[in-house]
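The two complexes that follow have subunit A in common; it is paired with subunit B in the first and with subunit C in the second.
Let's look at the complex of A and B:
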């Protein structure tokens, strides 16, 4: 059975006559941006917001005339944060959509698709994962998001020198996100003169942390640093409080999330988190961006700083294509990679200045703390 | 083209995995869920050898991956095939989870972050077609070998052992040795597929071989037709191609994300409702 729309014949005729002119008015062939993100599965809360943020960036760039007169089109494919699905998505970007570059996030995904990017000479840009290993994945793999060494190192030093904490317990998730970052924190804090009194790991699927927390309580730390994911950090903190651990907690940018405050309530008071993007007080463009989210989506984004990077990636693409356009060079993975290294410094609307240093970027770290149920600025670490 | 080739390679490797699992569970009646861990053993053995012993030829690495899977399967079979049904299911699950924990917590396997930097072996523009030829050939060979095994007198003995083990033993046949042989052949093939996977995709992580992978390969076998030689081929092709095909519908993001899961689940349910014995398993009930 087929269904047809009941449109008046005149409307159809008018549409048919106008369509070619509309298409011509849109101009040249669009520049396609590929973004492989988890849009279903356990990480979809973040992934969908990342894609939405990039979509906003695309809309703004198109509204301002596109890139060198060409409209921008976003192609987002689901990875579920799973390596195999990410491989399929990236193969589709390259094989079907013929994209010379693509964006992705989540450390296992960034690593899984790196051999394809290097083999096919297509530019892969990480804009959300922070495993330090990402800096060593090959010639065509770059990061626009600071890796763990940026915020974790600065946070560990700040904890010892400014907060004056001498004994810290480190609790971390046993995966790419947790292991390397926890080691970095431990080594930096110890080198500064502090003592790590507990260094405990937990399984990514764990929901019960009593054993680990009782050991932590016995170690009697001045402060607890947790390096996990947004799904488990609130559970660890909640169980800490239930077991009578009242120490101040620090974490990284994954814990900078309104959802966490809603879940934890008073248990989150004093929590210190990092943000790798400027906040409302640091950049006048951030407040309208948040307002836009509230107006269009009805809430603030999950992982606000991460979404700021996603939004800005469209402007990074714009800078690369404009550089190639000036030189009259066609966009290929190799030419875009060369453009990335040649331009090197990008002035991005929501995250500010970004300088590519080899396969890393350095950024200012913004520390925030929870006071009366809200994140408030604590310090800025350059 | 590369996209279609990669999808075809993935289907071919999953055909090997599903067909070999079909030999174990469909023909042999051995209720194990640990099949993906033998795929992992093959993949990790091949990957580690190719990184640390680069002078070994790729074929030798894949064969050694198969051998490692066979050895592991015999170790598991020797200790757990004395039991059957639920007990075997639990023993195999324990083996899978235990080994995955080991892989996750050893540094030389790459830990939870996975093993990367596996050399590509074949380079150049013909890499994809050559891999497709190798993996497709291996899949065809596996399906035909399994078909030859189950169609001959040994296959009839396997069927007798599966359907009536007591009577089979009373006739003087050794059910235990037959189970070990079937298990070793099936797991060896899975190990070989794992080795090819490591070479083609150049990255493996323990999360890929979790219980969800067991559920996926079981669905391929059941959907295609358990105990039929070509059922797993159909099952693997459908289960891998359908989710990819859905992405070409160009639905909006907020519709596409939930629809992918819903369409996929509905299709599987419809197939199983209309053909409970699987697509190639006739209209009767599953064996």
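Let's look at the complex of A and C:
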């Protein structure tokens, strides 16, 4: 499924003010950005908002004259967060659209398409998945999004040292999103001196978690860490509370979602989530970005921090192409990869400074907790 | 883990969470018994039931009773339409059983596809909140949802039993189930029996989808998995044995719940399908406790 680029009215008006740049940009062949995201299926709530955020980035870059005088065009294809569909999408990016690079997210998807990127020497950039294994997927697979070793490690240490929790139960989804991150949490928490009293996994299609939760209840943890997806995390927490488990819950950035608060109400109180992007108080550009969502889409985005990365990816592309333009090098998967490693440090509008360190990035982790039905800042972990 | 209170909790939640699956299994098994069809189109009716109630409650802001009534009308209506303009046409053509199977499967996919276009693919719940108030009784957590599920299911099963045993219409269903042609010789309309069973199944489906939809998120594809649980219950209970299929569903839920004492959560589905595999191989006519006891 291809989605055409629809520019919001405000952006068009802004674009008119800098018409000379735009005219110059539109006379040239567009730079196409491929984005393979789940636009249907259970993860569509996030996937569609990711694409919308990237569209906003494209609109803003085009309104400011494009990239090296060329307009930007977004090609978004649906993956349903399923590896097979993602492979089809990436084959189309490479075979039909002849793209030298593409973006994607969701750990199973990032992993599934990595062999294609490596074989075809096309640059794959993860901008939303966090499995630690993403750092080891090959020469052409990079991440602009911090992997679980960033937020999960910092969260596990914070839980032990600052919150003083000694016994934690880890519940995780049995797929690439959950398995590696849960192991990372377990290893970090244990190394810090804590005890993992329950380490339970659940099927990605499960809707009943009673057995797993009763086992957790019997283990009597001080705290419960859940590493799942937005479809299952609220159900796990709801069933936890209904079975009388009152322990504080932590999760990661997938649980930073207003819909979760709507579904759980008071049961979400005390929930700790991570955010890998600065919030309103940390970056003055974030508040106008949220306002823009409210104005153009009528609500705040699902997974706000993720969407900040999506928006910023257009500026990452801009930096890479401008680097190649200065050198007079054509854009290929190989030259873009070399540009990524050469530029290395990017100053992005919504997520701030990003330094590529091999196949990883390190970022500040912002912890938020739920108080009176809203996410409020809890701590900043550098 | 083996403390009595934990075992009692597992037993209770196992029974409570089996409620909607029991209802779906009974609807499926009853249809199979009377019509002789593995009616996979019921997964489409499950989707209609849920999204009709979802639409009525959320988009139209109708009261619960009206939303349920709307769900019943659409689900039963679609079941009758399928019966009259689909299955009966195939019967008149003397189509073989494979054709019926393919028809119901494709119809289910078609309905789910249309619902996907209408409602999208995000998980939806009937109510904004999925929490249900909980009482701790004797150390066991019992939610309002649990109580509703068990009561509704017990009531529906009792009602069906009474209908089948004490009403003329119910006895006609049994007669058609035994031998449709012979029943027609005695003046019982098989077509009418098929329509009646379609409506009864629709009622069971609406009740089940209300329970499932008020407990967790549903996407249009969810019913395709739900119908599989109904098939497993039907096979375990034995084809034609509706109430045994209901018990089989409870048994399956309890096996899954208690297995957590010995196995990790990740093995639960494997256990379920392993059990089904063994049943098909060893007990092709279902597990009959009396015979097992006799051995």
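Convention: the second predicted complex is superposed on the first by the 357 of 382 C-alpha atoms of A that agree within 3 Å, B and C clash if a C-alpha of one lies under 4 Å from a C-alpha of the other, contacts with A are read in each partner's own complex, and residues count from 1 in each chain.
We take it that a residue touches a chain if its C-beta (ideal position, glycine included) is under 8 Å from a C-beta of that chain, and two chains touch if they have at least 3 such contacts.
A quick note: this is a predicted structure, and the numbers were derived from the prediction, not measured.
Chemist: A:207 in the overlay: touching subunit B, subunit C, both, or neither? Say first, second, both or neither.
Modeler: second
Chemist: So in the superposed three-chain picture, is A:267 touching just subunit B, just subunit C, both, or none of them (first/second/both/neither)?
Modeler: So A:267 only meets subunit C here.
Chemist: Of the two partner chains, subunit B (first) and subunit C (second), which one does A:174 touch, if any: first, second, both, or neither?
Modeler: In the superposed model, A:174 contacts both subunit B and subunit C.
Chemist: By the touch definition at the top of the document, which applies to A:87: first (subunit B), second (subunit C), both, or neither?
Modeler: first
Chemist: Classify the contacts of A:96 with the two partner chains as first (subunit B alone), second (subunit C alone), both, or neither.
Modeler: Only subunit B is touched by A:96; subunit C is not.
Chemist: Just checking: does A:235 make contact with subunit B only, subunit C only, both, or neither of them? Give me first, second, both or neither.
Modeler: second
Chemist: Just subunit B (first), just subunit C (second), both, or neither: which does A:44 touch?
Modeler: A:44 contacts both subunit B and subunit C.
Chemist: Using the touch definition from the top, say if A:183 reaches subunit B (first), subunit C (second), both or neither.
Modeler: Neither partner.
Chemist: When the two structures are overlaid on chain A, which partner does A:78 contact: first (subunit B), second (subunit C), both, or neither?
Modeler: The first partner, subunit B, only.
Chemist: Touching subunit B and also subunit C: which subunit A residues?
Modeler: 40, 44, 174
Chemist: So in the complex, the part of subunit A that touches subunit B is made up of which residues?
Modeler: Checking each residue of subunit A against subunit B gives 39-40, 44, 48, 51-52, 55, 76-78, 82-84, 87-88, 91-92, 94-96, 107-108, 111-112, 114-115, 119-120, 131, 133, 137, 174-176, 179, 204.
Chemist: In their shared complex, at which residues does subunit C touch subunit A?
Modeler: Residue list for subunit C touching subunit A: 1, 3, 6, 9-10, 13-14, 17, 116, 120-123, 125, 128-132, 134, 136, 141, 143, 145, 212, 215-217, 219, 225, 256-260, 264-266, 268-269.
Chemist: State the interface residues of subunit A toward subunit C in the complex, per the touch definition above.
Modeler: Residue positions touching the partner: 40-42, 44-45, 80, 174, 200-203, 205-212, 214-215, 217-218, 231, 234-235, 238, 241-244, 262-267.
Chemist: Write out the stretch or stretches of subunit B touching subunit A in their complex.
Modeler: Touching subunit A from subunit B are residues 1-7, 10, 104-105, 111-114, 116, 118, 120, 123, 127, 201-203, 205, 207-208, 244, 247, 253-254, 256-258, 260-261.
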